[in-house]
Structures are given as structure tokens and as C-alpha cells.
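Following: one structure in C-alpha cells, then a few remarks.
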Amino acid sequence: MDDAIFIARLDAQIIETPSWAFGNTGTRFKTFAAPGAARSVWEKIEDAAEVHRMTGIAPRVALHIPWDKVDDAATLGRFAAECGIAIGAINPNLFQDEDYRLGSLTHPDARIRDKALAHLHDCVAIMQQTGARDLSLWFADGTNYAGQDDIRARRRRLRAGLQACADILPDDARMLIEYKFFEPAFYYTDLADWGAALLHAQALGPQAQVLVDLGHHAQGANIESIVAILLDEGKLGGFHFNARRYADDDLIVGSTNPLELFLIYAELVAAADDPATEACARGVSYMIDQSFNIEAKIEGMIMSILNCQEAYAKALLIDRAGLAAAQAEGDALGAHRILLDAFRTDVRPRLAAWRRGHNLPEDPLRAHREGDYLRAIKRDRGVIATGGGYGD
Amino acid sequence: MDDAIFIARLDAQIIETPSWAFGNTGTRFKTFAAPGAARSVWEKIEDAAEVHRMTGIAPRVALHIPWDKVDDAATLGRFAAECGIAIGAINPNLFQDEDYRLGSLTHPDARIRDKALAHLHDCVAIMQQTGARDLSLWFADGTNYAGQDDIRARRRRLRAGLQACADILPDDARMLIEYKFFEPAFYYTDLADWGAALLHAQALGPQAQVLVDLGHHAQGANIESIVAILLDEGKLGGFHFNARRYADDDLIVGSTNPLELFLIYAELVAAADDPATEACARGVSYMIDQSFNIEAKIEGMIMSILNCQEAYAKALLIDRAGLAAAQAEGDALGAHRILLDAFRTDVRPRLAAWRRGHNLPEDPLRAHREGDYLRAIKRDRGVIATGGGYGD
Amino acid sequence: MDDAIFIARLDAQIIETPSWAFGNTGTRFKTFAAPGAARSVWEKIEDAAEVHRMTGIAPRVALHIPWDKVDDAATLGRFAAECGIAIGAINPNLFQDEDYRLGSLTHPDARIRDKALAHLHDCVAIMQQTGARDLSLWFADGTNYAGQDDIRARRRRLRAGLQACADILPDDARMLIEYKFFEPAFYYTDLADWGAALLHAQALGPQAQVLVDLGHHAQGANIESIVAILLDEGKLGGFHFNARRYADDDLIVGSTNPLELFLIYAELVAAADDPATEACARGVSYMIDQSFNIEAKIEGMIMSILNCQEAYAKALLIDRAGLAAAQAEGDALGAHRILLDAFRTDVRPRLAAWRRGHNLPEDPLRAHREGDYLRAIKRDRGVIATGGGYGD
Amino acid sequence: MDDAIFIARLDAQIIETPSWAFGNTGTRFKTFAAPGAARSVWEKIEDAAEVHRMTGIAPRVALHIPWDKVDDAATLGRFAAECGIAIGAINPNLFQDEDYRLGSLTHPDARIRDKALAHLHDCVAIMQQTGARDLSLWFADGTNYAGQDDIRARRRRLRAGLQACADILPDDARMLIEYKFFEPAFYYTDLADWGAALLHAQALGPQAQVLVDLGHHAQGANIESIVAILLDEGKLGGFHFNARRYADDDLIVGSTNPLELFLIYAELVAAADDPATEACARGVSYMIDQSFNIEAKIEGMIMSILNCQEAYAKALLIDRAGLAAAQAEGDALGAHRILLDAFRTDVRPRLAAWRRGHNLPEDPLRAHREGDYLRAIKRDRGVIATGGGYGD
């Protein structure tokens, strides 16, 4: 690939960070208190800005409501702008209220469903105040026991709730419907796979698309093929990037199987060059969704961002013509080798050069580790006491 | 449930057996030669008739083309009728020709795609000759290596082929599109899950529906919820029943988790009583699809049929009103217990009574083991030498 | 089986409940506040006693230290005795202190390892004060990233710590070493499977055995065969019973696959009748380990206890002579059918009779739901505010 | 790492190819006929020699008995030597005889167990004639249905058979005991995991070790930690390398997750430098075990060999001192990054240089594709008709 195009593509690939990753998070067994973890939405925005300063490709931060709720959401946008970034997707929370024990939009009790819908209204209002484009919808809804509730009835309640939400969505906004194989529900999850999410998105119309979280699939699922199908249907809205080996482990992106991350980017790059899928591909929102349990949070986020950029850069280097020719000839191993040659390439020097060209630190991880920002937050924020978790 | 209704429901629940299960089948490591295994389509039909004589609920046998191809397919129908059964679904074979090494309808080479389509034409002709209602489509198509072929291109080729098949389908016939998580493809499968199959069925129109094989899902997948969704969409066309613990193990139905089989039937019984889903539920084809590697084949088939009937009978006994009430109150454990009470019930006495009432053997397994039919085929058919399998 | 023997066996089968299941527990997303949930170790013991009053087979409650720590552990034993039950296993906690972020006995820092060991000393002291026989050891130790720590070095540190613990164990006590496939560690778990645990138990000598938690295995693992092997090696020490479909879901025992629970009991019953394994089988501790996220806690516990008893009762009914004969003849399906006949039997009437004979409520779930105890704790304890969990 | 040491290490790393991969193999659905596939053990040896000529690190070929049985095994050794390679491990076949339907050494019938043992005797004789060091034991033994056979009884039969085999093993030979999670048995496998295999190897003494096949684990299993534990116990005997995504897919090594292959080599390199594990590490046999279903066989084998070498070369480049320092400090992400830096390195230029230095083709795949050998075998061997597989 021509170097100028390579650089232009890298310039255009931006990734959104999640505010919630900068505060203390944990497993059900323990939330460890990280020194310097953000204590408020303002500090989360500052941390997101640090990630952008180091990497140059993380100019937006997603918010989670009510965790990041403030009296006047518009001030958040202004504050972010002062920090050098913008507000990204708005993420409603429909799982952390006592009322949602048996579901939110799917709940058998209409009162709870109305409450959930009202929260979605609030979130849409915040979208308007912050200029956010994406309403990112994850539902923890599901059941733990066979018979606990009626599967088809829950599906219809969910459809009605989503339709009511679609009805109030601003014209230029999108609903991204996320699916998840399991957790916190352990028998049945109302949106368990991409098919379940897509059927709702089809019914709701063009503003509704599907969001793919890399940690939300069954073992062995071929995620890049799901990405390809959703692109082909014009329904891929965005990603929640993270890595997993077992369940929804929320590890650093690319840390368990970097080849998989590369293959996902390979589909996205190919679809962006295909007239039939180009519009969808160019509209995809790239977002990180992680939970740092034992890691330094900002450092972990920088590592995730860099891993994404590395996978993307490798995907740009694929010899597309050679690949297509080998595929057309049915040369299975030849085609595989051409693809893997791009993966094998060490793009670190080119990415370091790209950073030099943008006045960014050549080694963002070291720059952050040794920089003033980290020192300051460790000094100023201290360590927040955390709840004990499970059984405590 | 009123006993007359219970009996009427049992009378109406019929299950189709697959001709291929009566011949020798195996794993890639070995096909063991079972004494008395069927050597021809005629013997397979005779064996299927034995299963029906013993159980009373297996009056149809599915065919696999070209394995069961004869010069005049209509004679098969007449022969089956003489044996007391009818011809069921027609299953094309698009995986056992050298040409299909890289795919059939998805193959990069148009010549191979045309060959596959011609085979589908042949199968439709056989449907017309035998009066079969269902064309049961399973594709082994997929790839083993990343990059081997273009995922979206394969998808479009598959769509075109399916459309061409739909164009020649008789008006009163159906296409049942099966999906499978993996095997024989080990990187990417073109129809890997219900979502992938459903999108094609949507595009093809009302004659196209989805077929659920119980062995074709990822670990942990909640199959009863997939069944519920497909019923809700009016797109559940049929089942391939078997059991699995690991991969597509093709074991006796219900032998690994009888609760799961019961829960699937519970969804079907509920949907048949719901006006919104009744038409779809009543049109569902129940078929066995198994491979007996070490078991006596006819006996194994009888066991599978009986396990289905037992699960269905238990599903009929669910206290629907009590269940709905507990669900409406959000009584998770109460509702679960009501459902499980039906599962816990020992329906063997009622099923024995049902069999007595239909002049069927009370204990079909014993009757078959001790009957003349088994003795005769062991004597007359002998043991067919089998190929060695893997590496041989 | 002779009715008197059946009853004697049922009388002897007791199951220990875990104190921590009676307080509020949850997933990382939310801990819901259950009305009447226990607020202290005293209330947990009272709840465990209610489970025993209803079921008659739950006469012991396991403690978790420091959650259940009091100034004088001996008073706990006296209080439990007044309530009609006894103290069971002592469970140390080596995962909920900030110091254990990177491990406990496996930690690279000797100071942390010493701290963990000191906690084990404390727990052994509590065993002596309460008369507990079992020290039940679960380690959350593991790593989240390849390279994070040295696998063999961690293993050696763990061995040294376990040996130091074994050195102070009272002569009549046991160490039960639990393993878990994953969570909270998501790359590598120091005791990930039964083999890893057994190697330590072998090295530590006869007082060390392995504890099997039903939720701690890979998908598809055949747990009954692990049980059989550990019995054959004389190293099965106990169980943590629960159910799971996906990960360590901690659901009601037997709720996802009741056949699996039956098969585990079938191995235990068989081993208890085999001179080679009898001693080990009779020493096995049966314990529940669950987390009730959305369920009524005492009711859920009663349901788990009853499910265990039901599976055990069915296992007692297996026609052992018929099974052995069929196995000896290589009659795979005949043997399978004999085993399943016991599973199919509805033992609820016999268990109700057993309860009548012991002056226990025939329907323990209803008796608890309608009884004074539940009413009183809901009135007196109220609802405890819970932490929000993830991201809060 | 110093270049001379790097080269010396590469020189010493040799990998054995399996004879059976050069003939036609397939899935249960179809064995495709590859043009030029080997038709006899002689041609398999010639193909293995071609792999060695191209790569320089595959100087041995493993045999499978009876597939590779000839009248005088010693002639095989001489023929191989003329081709430039040597005979490697001997692999008995205890799964492809009709008698093994219900097991081999575990079979309930003593006659079958004796037959299996006699075959092991034959294989030991072939070891002596060919000078093979390793007897590589994989058992397909297991059951498909709960109750089909007695798990503990089977275990004891297997132990007795293995002991009888150990008793006749030459003093300088080894038994490598392989385990497999499932397939062809689908309910219970007699050697299902490393723990089950290790217990036998412990009982049999120092000549018995465990063989790790990369495709024989549960989803999510951390194979590198199993490797580390077996090294720590002095019981890692060898590898069967291949790749898998779903089941025992037998794909090209490293093709599904190259990071995993690197991490396995990282453990081996580390253990070879640790006095406590050095002897075991240096004795490990590296063998490929693959089944090429759709690929060109020799080309696929070369690709697997090269992928192993690449992973090994990267493992040699790990900054061990830096890694140890970061681990000691508890710097989780720093340590992870150091490890991954080695993985990220593009070692292709260094490996090409190594090949130049050894008069090997710089690009072995291209050299093979364009060379005389491939042309000759395609011309001379033709295409062997294959059996149809499943249902045929």
C-alpha cells in the first residue's frame, strides 16, 4: 500500500474509550483499588484525554448513565472539548437498579418496563445535550431458570420497548443493539446472539443497527464472519473491543488471539473498499469496552488502543489483488499465506514513524508511564476504598 | 390435561426416521459393521417400517440422494406404502463429490455451483415423484483457513443458488435450511448459526424455513430459545433430532440431557396453543438425524423415537395456567418448579397404556429385540465389510 | 432396593449448607437486596437451621473466614447447636484483600505469601475451636495476561504454602483442595483442573484430598468420570454442589441437567459398595456452594438440597446386577437403559413418605414459604442496601 | 540473543512428520482424493524426505502400524536412510478393527484386551527393528452412553494393559501416553485429559511420559500451563502438533492462534534453561499430527513445520532477564509487553538467512511448489479413488 494512503487511513481510524474503564471495576469476587483511579466523570474525561494525547486516535469518550450523570450534560461536552476530546456514545444502565432483578424492558411488570423506558428517554435527552450520535444499548435481561418467564412474551415486550425508544430518537442518531451470549443471566439471555439483535434492528428501521462486543460470543464463534454478514446486511453499527479467553473477560484488546483481531479488521478494510458495503463500513463506531481488574487503567487502555491500531495497520497491508487471485483459483493455502504475510509483518516501525509525524510519543506506553500526568493523579487522587464484592 | 386430549395429542405427534441411519455409519476413525445393517434403500425402508411397527409414531422415512437414488423414485413410494410407511423429506448431498472440496453453491468456480444446482433440480424432481413436502438442505460448505475464500462473496453465491432452487420448488413444497456450527469446515461455515440461515429464508419467501439440528450449536447455546424465536418469526420448519455432548455427536435423542429435550417440546406445545404461532408450530417437521456408530441401529432408533415421545408427553402435562400465574407474579422459583414437576413425572405407565390402546407393543425395545424381524435381518443380511476410515 | 436399606441410606446422606449463600450475593453487575437476607453470621446460622428443619438432611453449615469471623469462634458452635445444627467446613478467604491482586500463596512477593499463610493459620485455629473437620481451600490465584508471571515459579510457591499449611493441620483434619477452570483469573489459573489439584494432594499426603465444585469445569467435561477417578485414587474429599450452563453460574443444584447430577451420585453409590473405594466414598463431604442472585435464598437452598436427595434416591434404585450383566455382555444400549430406568423413576412419593416418617414437612418448599420463619425474617431483618457492583 | 546461539538453537530444533498425513485422509463426510497423494509407506517416506529437503528440520518420520506395516520393518529404516531421513515414533492402531467397537485395552472382553496387547507387542518388535525410541500411544477407548460400561473397571483394565506393555518395553525406549478430550467416544473417554494420562505414567515409572496433542483439549484450556506442569513433573514426553478451533480439527499448526503456539514454545525454551526441568525439556519429542482434508499435503506439512520454527525462533528472542524483572516487581502489563515484543518481531528475515546458511531454499513453500518432486508425484502417482465416507 502506498505510504500516503497508509498514513491517511491510519489518520482516519479513531477509537472511542469508555469512561467506566477509568474508575475501579472488578470481578464479583473483588474490586481492587487502583492508585489514581478516576473518582468522577470529570476525572474519567481527563484520563480519556491522556489516552488521546499519547495515542492520537482516541478523541472521544463514551458515557454511562447514571454513572456519569451530571446536572447539566452540556457542561460535560464543554469540559471534554477543553481537554481535547469529545463525548461519544451514551450508554444507558438498565441493570443496576433493584427493580431490574427480573428484567428491564422485558420485565413481566409494566411498571418496571415504563421505568426502563423513562431512563431511555433521559439518555436520549443527554444525547441531544452532548451531541452524541450513538445510543449504545446493552440489556442484562434474561432468566436463570427454565420456566422462570415466557421467552416469546419477553421478546415481544422487548420489541415494544425498543420501538418506543426508536420513536423518540433524533433523526441523525442511531440505536446500537448489543447482544451477549450470557451473564448476568445464566439460563436464557433475551439478546443472546447477533441474530436475535438483528431481528429487532430490522423491525426498527435504518436507525437501528447491531453492536458487536468481542467478548459476547460462544466459544469458537467466528466473529469476523459475523462482522462480514452484518456489513453485507448494512447493519453493523459498531464494536465494543476487548479480549476474552473464557467468558466476558474484558481483557486488553488483542491479548488472547491477535490473529482474530487482525481478521476482524481485514473484513472491515475489505468492506470499506466494496461499493456494496462501503457506507455501512464507514459508519462503524469503534469503541473499547473493558474492565481493568488488576491492571493500571490508563496504561491498559493505551495498550488496547495501540493493539487495535496495529491490527488495523496490518490489515491495510494485505495484498488484496494477490489474495483475490488465489481465492479465485481455489488455492486455499496460497490465499491463507498471503493473508498471514500481512499479519506477520512487524508494523511497529511504521507506526512509530506515523506517531513521529503527528508529534505523538513514539512509545506511548513509556511516555505515559514516565509522564507527569500519571504522577499527578497518583499523588492527587489517592486510592479509593472499594467494596469487597461477593459475599462481603 | 384431560386424558382424551392427551391421547389425541400423542396420536398426532409423528416423527420421521432417516434412511441413512439404518446403514453402516461411523466416525472418521472407523465405520463399524453392524450385523444386519441395511444394504440398500429397500432394506432401509423395511427397517424404518419396523421402527414404526414398534412405536406407532414413525410413519415416514426421509431419503438421502444419491445414496437412496433408484431408477424410478415413484417405486420407492409404492414400496414404502406396502411396508406401511411413507416417504418423507428429500435430502440432497452436496458434500461427497470430489468437486465439492471447496464448496458447492458457494464454490468460487461457477461450474461447480452449476453442478450443485443441477443436483438440487434432480432432488426436486424426486420430491415430485415421491410426494415429499420438504427439501431438507444441509450444506457442508465452509473454509478451513482464514483467507481461503471471501466470506461475503461466498454468501452472495449461496444466496443466488438458493434463489435458483426456490424458483423451481413446487408450490406446496418447502425448503428447510439447516445450519451447523462447524464440521466438516473448521475455520468458517457458510451457514454457521440460525441467524445466517434465517436471513436466507427471509429473502427467499414463505416457502423457505429454518431447520434446527440439535447437534449443530455452540456449547451452552439455549436451543429452546432459538426454537421460540423461530416460531415467533413463523420460520421454524423442522428438526433434526439427536443428542450431543461435545460436537455433532449424533447420539440417541435425549441421552445427554433429557431436560433440554423436554424444554424444546415445552416451547412447541406452548406455541401450538398460541394463535400467533399456531400455524407455524403445526407445520413443523419432526425428523431424527443420527449416526449409530456402535449401537444396534434399529434399536437405537426406537430408543430415540421413544425418548421424543416421552419428552413430548411430559410437555403436555405442564400446568400452563399455574406456570403463567407464577411468571406474571415474578415468582422465579415457583414457576421453575411448576415446569420441573412435569419433567419429574414418570410418564412411562401412561405411554404404555397409550401403546396398549393402539395395539402396539408395550415395551417396543424388548418387542424388537425379541421379535422375528431382527432375527431375520441378522440371518439374511449378514455383515457388510466397511471401509476403515481415517488413514486407511 | 429393599425399603429399609433405602431409608437407611437416605438417613445417612447429609449435605452441608454454606453460610455465605444466606447473605446478599450477586454478579459483578449487581448484588440485588433480598428481603430478609441474613445480616450476620448468627442470622446465617439461623437460616441454615431453617433449611435443616425443612429437609432433615442439612445438619451442618460451612463458615467463610473472615466473613463469619467472631471474637470467639467457639460461641458459634454453641449457637449453632442451640439452633439444631453444627459447624461444618472452614473456608479461608484469600481473594478479597487488596494485597491479593496478583495472588496469595503464589504471589511473587514473599510478604504477601506470608500474609496468606498467616490467614490459613487463623483458619486452622478456628477449626480447632469449632471442631470442624475440613479446611476447604479455594484459591483465586492466577494471571490475566501471558507473561504476567512465571507459571512454574507460581506452582512451586503454591506447593510450599500448601505444605506449610499441611504442617499445622490437626491430625484428624483434612485439607480439601479445590480447582476451578477460570474466574477471577482469565488467562491462567494456578489450580485449573483436577489434575493440578491432585498433584498437590499427592505430595501433601493422606490428609490432603481434592474438592470437586460442579461449576468449575470446562464445557463438556465429564464430571462423573473425574469423580470416579478421584475415588479410585482415594483422593475425593468433597463436593461443592451447584449447577451451571456457561461459566461458574452457581445456580440451584441439578437445575440445568438433572441427569448429570444423577450420574455423579451413581458413581458415589457404586464406589461406596466397592471395598476398594468404600473408605474414600464414605468420607466424602457433600456441601452446597451457591450464590443466589435473583432467588429467594432459603427457598433456593431447600430446592438444591431436595434436588440432591432426589438424585441420590434415584441412584440408590439402579439395578446394579442387571447393569453389571449388560456391561459384561457389551450390551451398550441395554446397560444405558437400565441406568436410565432409575433416573426415569419418580421418587417424589417415596421421598415424601421418608419425610413423613421423620416428622418433616412433606413439601418442604411449601412449608417454608408458608411458615412463620420466613414471615419473621422478612419483618425483622428488612432489606439491606447493597453495593451497586460493576462500575459503580 | 547472540546470533551464534540463536543459530545453534535453531539447528537443534527438529520436528517429526507423520507418515499418515501424506496419504488421503478426511472427515467422516468425505475423504477427498489429492493428486499425488502417497499410496504406500514407501511413498510416504519419500514425501517426508521432501519436507526435510525443503525445511532442513524434519529428519524423522513417524510410522503408524498396521498402515505402514511391511514384511521386514528394518528395510523401512534403510529406505528412509537412503531418502535422507530416519524412522521416528511407532504408533499402534487400536481403533480400526471391528473388535475394538467397545474398546481395546479397556474392553470388557478379555479376548479383545489380549488382542490389543498382542498388537502392542508387534509394535514394540517394530521399534526394535527400526531403532525407534518412542511408542506413541493413543487410545480411542471410551463410551457413548452413560452406563454403557463401568468407568473404574475400564480404568483398571487400562492400567493392567499399560503395565503389560511397559514390561516388554526396551530399556532405552519410552511410552508416550496421549490423552484426548473426546472423539470418537462422545460420552466418556478413558484418557480424557492430562491428569488421567499422568496418573498412569506415574504408576508405570520413568519410561512412561505424557504426550500433548494440541487438538485434544477442552475449549479455553491453557495448554502452555499444562506443558509447564508436565515439565515440572518431569513427565512431558512429546507433542503432536496441529491446530484447532472447534474440536480435533487437525489443521495446520499455528493457523488458528499463532500466539498460543509461541507461548507453548516459550515454556519449552524456559524449561530447557532451568536445571530443574532441563533434562525433561531436552527429551521432548516434537511431532506433527495432522490430517489434510482439503489441502495439498506436502505443502501443508511444510507450512506446519515452518510455523513451528517461526514460533520457536520468536520464543528464543524473549528478553528473559527483563521478563523476570518485571514479573518480580508485579508489573503485569510490563511483563506481558516484554513477552509480546518477541512475538511481534518478524523473524522471517532471520529464518531466511538461517536457511541460506544451510543451503536450504529460502522460501521452502515456493521451492516445493515449483520443484521437480511435486511435478513428478502428480504425474506418476495419479489420483487414488477414495471411499465416500459417512453414509456411503
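Letters A, B, C and D mark the chains in the order given here, with residues in each chain numbered from 1 onward.
FYI, a contact is a pair of C-beta atoms (placed from the backbone, for glycine too) under 8 Å apart; a residue touches a chain by one contact, two chains touch by 3 or more.
Which protein is which chain? UniProt says A, B, C, D = L-rhamnose isomerase / sugar isomerase.
From a predicted model like this one, the values you see are computed outputs, not experimental measurements.
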*Would you pick out the chains that touch subunit A and also touch subunit D?*
B, C
*asked:* Tell me which has more C-beta contacts between its two chains, B-C or C-D.
replied: C-D
*Can you check how far apart subunit A and subunit C are, centre to centre, with Cα atoms defining each centre and the answer in Å?*
37
*What whole-Å value do you get for the distance between subunit C and subunit D if each is reduced to the mean of its CA atoms?*
39
*Give me the residues of subunit C that touch two or more other chains.*
102, 144-146, 181-182, 187, 219-220, 222, 245-246, 252, 255-256, 259, 294-295, 332-333, 336-337, 340
*asked:* Show me the residue ranges of subunit B that touch subunit C in the complex, using the header's touch definition.
replied: 219-220, 222, 245-246, 252, 255-260, 294-296, 299-300, 303, 310, 332-333, 336-337, 340, 343-346, 348, 365
_Per the contact definition, I'd like the list of subunit C residues that touch subunit A in the complex._
20, 23, 25-30, 32-33, 64, 67, 95-96, 98, 100-102, 140, 144-146, 181-184, 186-187, 219, 244-247, 249, 251-252, 255-256, 291, 293-295, 387-392
*Would you mind writing out the residues of subunit D in touch with subunit C in their complex?*
102, 107-109, 143-153, 155-156, 181-182, 187-189, 192-196, 198-199, 218-222, 224-225, 228-229, 231-233, 259, 263, 267, 270-271, 274, 277, 323-324, 327-330, 332-333, 335-340
